[in-house]
Amino acid sequence: MKVSETEIIVRYCETDQMGIVHHSNYPVWFEVGRTDFLRKLGLKYSDMEKQGVMLPVVSLNCKFINPARYEDVIIVRTRLGEVGCVRLTFDYEIMLKDGLNPIVLGETTHAWTDRNLKPLSIKKKMPGLYAFLKSLEHENK
Amino acid sequence: MKVSETEIIVRYCETDQMGIVHHSNYPVWFEVGRTDFLRKLGLKYSDMEKQGVMLPVVSLNCKFINPARYEDVIIVRTRLGEVGCVRLTFDYEIMLKDGLNPIVLGETTHAWTDRNLKPLSIKKKMPGLYAFLKSLEHENK
Amino acid sequence: MKVSETEIIVRYCETDQMGIVHHSNYPVWFEVGRTDFLRKLGLKYSDMEKQGVMLPVVSLNCKFINPARYEDVIIVRTRLGEVGCVRLTFDYEIMLKDGLNPIVLGETTHAWTDRNLKPLSIKKKMPGLYAFLKSLEHENK
Amino acid sequence: MKVSETEIIVRYCETDQMGIVHHSNYPVWFEVGRTDFLRKLGLKYSDMEKQGVMLPVVSLNCKFINPARYEDVIIVRTRLGEVGCVRLTFDYEIMLKDGLNPIVLGETTHAWTDRNLKPLSIKKKMPGLYAFLKSLEHENK
């Protein structure tokens, strides 16, 4: 799978007094896209956490290009970026379901950590998962 | 202490496209008021949790009377309600700092539980805390 | 339509440090259910707002019975309550998709207002909408 | 004023199931810092909006370095970046009040627009405001 598409309908509480979606919601939608991306690969993120592997965000970049509005039907296109032993990146494109123009573009970088947020090597901790993600990274290019 | 007053300045992201504070923020402000109420009594809620005592909300009632707007300076007036062995209630009055009219009135009921959210008797688990809260309840009447 | 069922997957950011969904998300999910209820009836809430009719929440009651967790698939069951000239109520039942036990029960009351949040009679302003909602109310009993 | 310092106490609902502040809250705290920065200069952002000048975010970059936790007392250090006719940047440093290590570093870029989110030149629309901000930019270097 190169790209996962996740549908979101804009919630009223996600709007602000400009009448558009408040920008702080897009990192949340990225996360929805990321969870869905992994789920479609058969990887439940909540199961990973139960096995003591966390994936906190260490950096976030977004460009806000067009506004989204209440009740808009949105698509989050999530793609795996670089897969390393200690880091993982995803990138995102958010657009209207019936539109061509991007609304938001973004990228997140994550660190693999244990329950205490200490960095770990996923290659050592879960070699199968690492090899699997690494194979997807190559497919992407 | 009968009433704790906590000041909050309305955040942009708390507004919605009606140009007013979205109603889902008021339960959050009640929580801010509640944390501050306990802190002023010398009780850090985060310390209680470290000792294995949780206080999840089991019911919530709100009346939304007047709107609040971006940058308004708000006061949350928090008061202890009933103190039981297994339950605790708080009530809240939210108003403008420079106003007389209430914005929101609310009430929350909480259960004392352990880390696994199993109900417990605070009277047995922490008799000192129970007696202290009970004394405040009486003072309130 | 007596009951509208809306599916929601719990987002990571909706959890708190107890490891469960923070209670302030349930009013947001009620709103998602309400919007979906109206949409299924052919009523876009965003269109109503464009015609100058607002429906702010004037009261909210919730009972939190069981916790929901990250990635849980949730159903919001939304039902129309009382339909008046100036007020409207909805009630909600939130449960796991694959579960029998309720997670949260709730009720919201709304006022019909104009753009400036002044109360209005929907029976006068939009007699067709009023008659339609009134017919659903009767069907419900 | 080179740097504005704004105090924030972490709210319970801002934590997630990792037991730390969810990353989507930091853009909200940046906004709190930005509003406070402007307020200290005598510029109420809500007044600017009433005069038809909006300042939507067009890009956001964050680095998450250390976690913040419930009840932590946080300082947002906000600084004006570049001041242009059509764009404005701010940068942010978030740290514990009693700490030396950064929690989050960030930067936001904003476009000056009218009420319909059409770009405008602030130098033309509000020359006094532009000159004032420009003078602060120089002071910063």
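Chains: A, B, C and D, in written order; residue numbering restarts at 1 for each.
Assume a residue touches a chain if its C-beta (ideal position, glycine included) is under 8 Å from a C-beta of that chain, and two chains touch if they have at least 3 such contacts.
None of these values were measured; they are calculated from a predicted model.
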Original post:
From subunit C, which chain is the farthest off, judged by mean CA positions?
Top reply: D
Original post:
Looking at A-C and A-B, which pair shares more C-beta contacts?
Top reply: A-C
Subject >> Mean-CA-position distance for subunit B and subunit A (Å) >> reply: 34
Subject >> Separation of mean Cα positions, subunit D and subunit A [Å, integer] >> reply: 24
**OP:** For subunit A and subunit C, let me know how many angstrom lie between their CA-based centres, rounded off.
**Re:** 29
Original post:
What positions in subunit C touch 2 or more of the other chains?
Top reply: 12-13, 17, 20, 24, 28, 31, 70
Original post:
Which of line, ring, star, complete and other names the graph you get from chains that touch?
Top reply: complete
Original post:
Can you list the subunit A residues touching subunit D in their complex?
Top reply: 17-18, 20, 23-25, 27-28, 31, 49, 54, 56-65, 67, 117
Original post:
Across the complex, what residues on subunit D touch subunit C?
Top reply: 12-13, 15-17, 19-20, 22, 24, 70
Original post:
Residues of subunit C touching subunit A in their complex?
Top reply: 9, 11-13, 28, 31-32, 35, 39, 44-46, 69-71
